[in-house]
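So, here come the structures, one by one.
Each of the next two complexes has chain A plus one other chain: chain B in the first, chain C in the second.
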Partner chain A sequence: MKCFALFAVFITGGLLLFGTADFPEQGDPHSPPNAGIPGDGVSISHYYLTQTEKDTHVPNVVTAVLADYRGYDTLFETVVIFAAGMAIFAILRVSGEPRKRHRPITDSSINGDHRRIIIGTTCRLLIPVIQLFALYVVAHGHHSPGGGFQGGVILGASFILFALANNLTAALQRFSEKTFMNLACLGILIYAGFGIFCQFLEHNFLDYGVLQKIFHTADPQMARSHSMLGVEIGVAFTVTAIMFAIYANLSSKGELDNGL
Partner chain B sequence: MSDFFLNIIRPDFNFWIYVILMMIGLWAVIAKRNLIKKLIGLSIFQTAIILFYVSLGVKEGATIPIVEHHSGPGHPLEERTIDPEKYANPVPHVLMLTAIVVGVSTLGVALAVAQSLFNDFGTLEEDEILARLKMDPELNRRSNSSTHV
Partner chain C sequence: MIWQFETILLIFLVIAAVISLRVKDLLSASMIFGIYSFLICLLWATMGAVDVAFTEAAVGAGVSAVFFIATVYNTKRRSSD
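== the complex of A and B ==
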């Protein structure tokens, strides 16, 4: 099996490298991905770079493309994360009679256990800062690299850090299963809600410009900017909840009693 | 020999690195017997593809695709011209954000399936699982229809 694998890998690698010989030079601003094919009109990346600030008043082109120009794609990307969380729930989560206990429940009190002084104190100092930074990343997605996915992952990671430092039971007391399942659904509802609300106002799905009437902004471009923030908040909710849900289900084999 | 290095590898040595990473991942998926090692190989493969795509959007001397903005009066937006050559191509970044997120989701589901397999068979080695399935074909039907909830 290993010989066949080596053979297949070398053949595939050789063919791929043979293909890269025809590539344009690395870093060329006029290569087809960057500048389009001559005679074909304005390339899509040129359009995004030059028109984003005029269309949406958002300097971060990546966030604008993700949340506004290609917002439909991002909506279903969020649904994919949600579906992954549901799939893990469906595969692993047990209920009904508990299986026989394999491991004793560890003591989760920080004060009582001397081994946890260093970890407990460090986490108690770090976790609020991490969560604040996560909220900053979500809120500043318009002006600096960031957005819903990045901030959501950091926020989810802060809960995972708490669960790793203390017991999973202690983390679930603060962020229970009902809470994170509801939060995941709420995130997608917010995102789809923005889109359907635009439809109620007789425009296309996710056509944010019409929300100018609701937000009372000066022009439709600012309405698009605000809607992008709202939509990114929805994404952050879902990503946070599902990151922690994945960790909780995987580390406790679905029982959600005793983590790593 | 040095001619080969200077003319063929050096101009696009980053593509060589991505292809080598991809092939390491592919080899791990095919050749390793442990299921978790196969999953790690899949993750390496995916990371190499993401790196490759993002490298396609690089422009020499360009900065990140966040347009310089000056707020306040005196800087009307319509008069400013943005030179696209000063900013990196944003489209690969956007596509790869989606790819990373989908990759993490599928990795999570794959790990859950691996855990479920371990619960049913007691091992994560591919050949042992296949042997146990051959010995006891009932196991496949039982483990497929077992419900947890």
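== the complex of A and C ==
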């Protein structure tokens, strides 16, 4: 059976490699994504590369496409991350009477264990820097690579680092379950709220240009730039909360008392 | 861009992928997933997709490896097959 599976994998891989012979060269200006379909003449990537700065005052084309031109997709990407966190929560989370545990409860607080001086001190110095860098990545998504998702992952990873260096209980005292569940929902509400607010002003969903009246900016392009920052903050909230929620549920088998 | 560099990275990528399926110790397998993630991050950076490389580095090194290790810690460490 394994020989047949290996043979099937080789045939499929060979067919895929044969298919890559038809790809255009990297950076070819006449390929269909760059030059448009012949007969149609419209090239969407040419539009993005030349008009992004004029339409939104945001130099980073990737962030502009993610948060403004294709903002609807990013909203549902965030909902997918939220759904993943909810799935882990629904499958693993137990409450009520604690069952008989398989491993002994160890008191691994920072003051009682001399082996943790190195890890504890290093993390105490590093975690604020990591969190500051995460906020920088979220705020500078307009100019540098980054944005809401990357900053949210780094911020969530900083909480996971705290939970690994000290006890999961200590981390949960600072970032409790109620907090991170509320934060996850708040992130998606911020993102969808921007869209629905645009609908209240009688324009399309996620059509940020009309928010110029609310933000009192000079032109609709700056309103789009500010709204992109707002939705990126929403994405960062959700991603941070869900990363820590998944870690907390996975490492303690759903009981949220004693982690790794 | 520099084809020698990319070829070496791709060879390491294939080796890491094959090894992560073959080892019996699941903790080592999750480490090698982290190595795979880092190598593909470098490949995307050489192709010019810096945002994607940033995301892969953050998710693969920071979060995904930790989730795998948390799961292995709560189940058993030796693979059945």
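Here is the rule we go by: the second predicted complex is superposed on the first by the 253 of 260 C-alpha atoms of A that agree within 3 Å, B and C clash if a C-alpha of one lies under 4 Å from a C-alpha of the other, contacts with A are read in each partner's own complex, and residues count from 1 in each chain.
Operating definition for what follows: contacts are C-beta pairs under 8 Å (C-beta built on N, C-alpha and C of every residue); 3 or more make two chains touch, one makes a residue touch a chain.
All values derive from a computational prediction rather than experimental measurement.
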When chain B and chain C are modelled together on chain A, clash or fit: fit
Partner chain in contact with A:167 - chain B first, chain C second, else both or neither: neither
Touched partner set for A:53, first chain B, second chain C, both or neither: first
Partner chain in contact with A:227 - chain B first, chain C second, else both or neither: neither
Partner chain(s) touched by A:146 [first = chain B, second = chain C, both, neither]: second
Touched partner set for A:70, first chain B, second chain C, both or neither: first
Between chain B and chain C, more extensive residue contact with chain A: B
Partner chain(s) touched by A:157 [first = chain B, second = chain C, both, neither]: second
Which superposed partner A:62 touches (first chain B, second chain C, both, neither): both
Partner chain in contact with A:250 - chain B first, chain C second, else both or neither: both
Where chain B and chain C come nearest after superposition, their Cα distance in Å: 5
Set of chain A residues, in rising order, touched by both chain B and chain C: 26, 62, 145, 149, 246, 250, 253
Chain C - residues contacting chain A, complex: 47, 50-51, 53-55, 58-59, 62-63, 66-67, 69-71, 73-74
Residue numbers on chain A that touch chain C, as the complex places them: 26, 62-63, 145-147, 149-150, 153-154, 156-157, 160, 164, 243, 246-247, 250-251, 253, 260
Residues on chain B engaged by chain A in the complex (per definition of touch): 8, 11-12, 14-16, 19-20, 22-23, 26-27, 30-31, 55-60, 62, 64-69, 77-78, 80-82, 84-85, 87, 89-94, 97-98, 101-102, 104-106, 108-109, 111-113, 115-116, 119, 148-149
Complex contacts: residues of chain A adjacent to chain B: 1-2, 4-6, 8-10, 12-13, 16-17, 20-21, 23, 25-29, 31, 33-35, 44-46, 48-50, 52-54, 57, 59-62, 65-66, 70, 73-74, 77, 80-81, 83-85, 87-88, 91-96, 143-145, 149, 239, 246, 249-250, 253-254
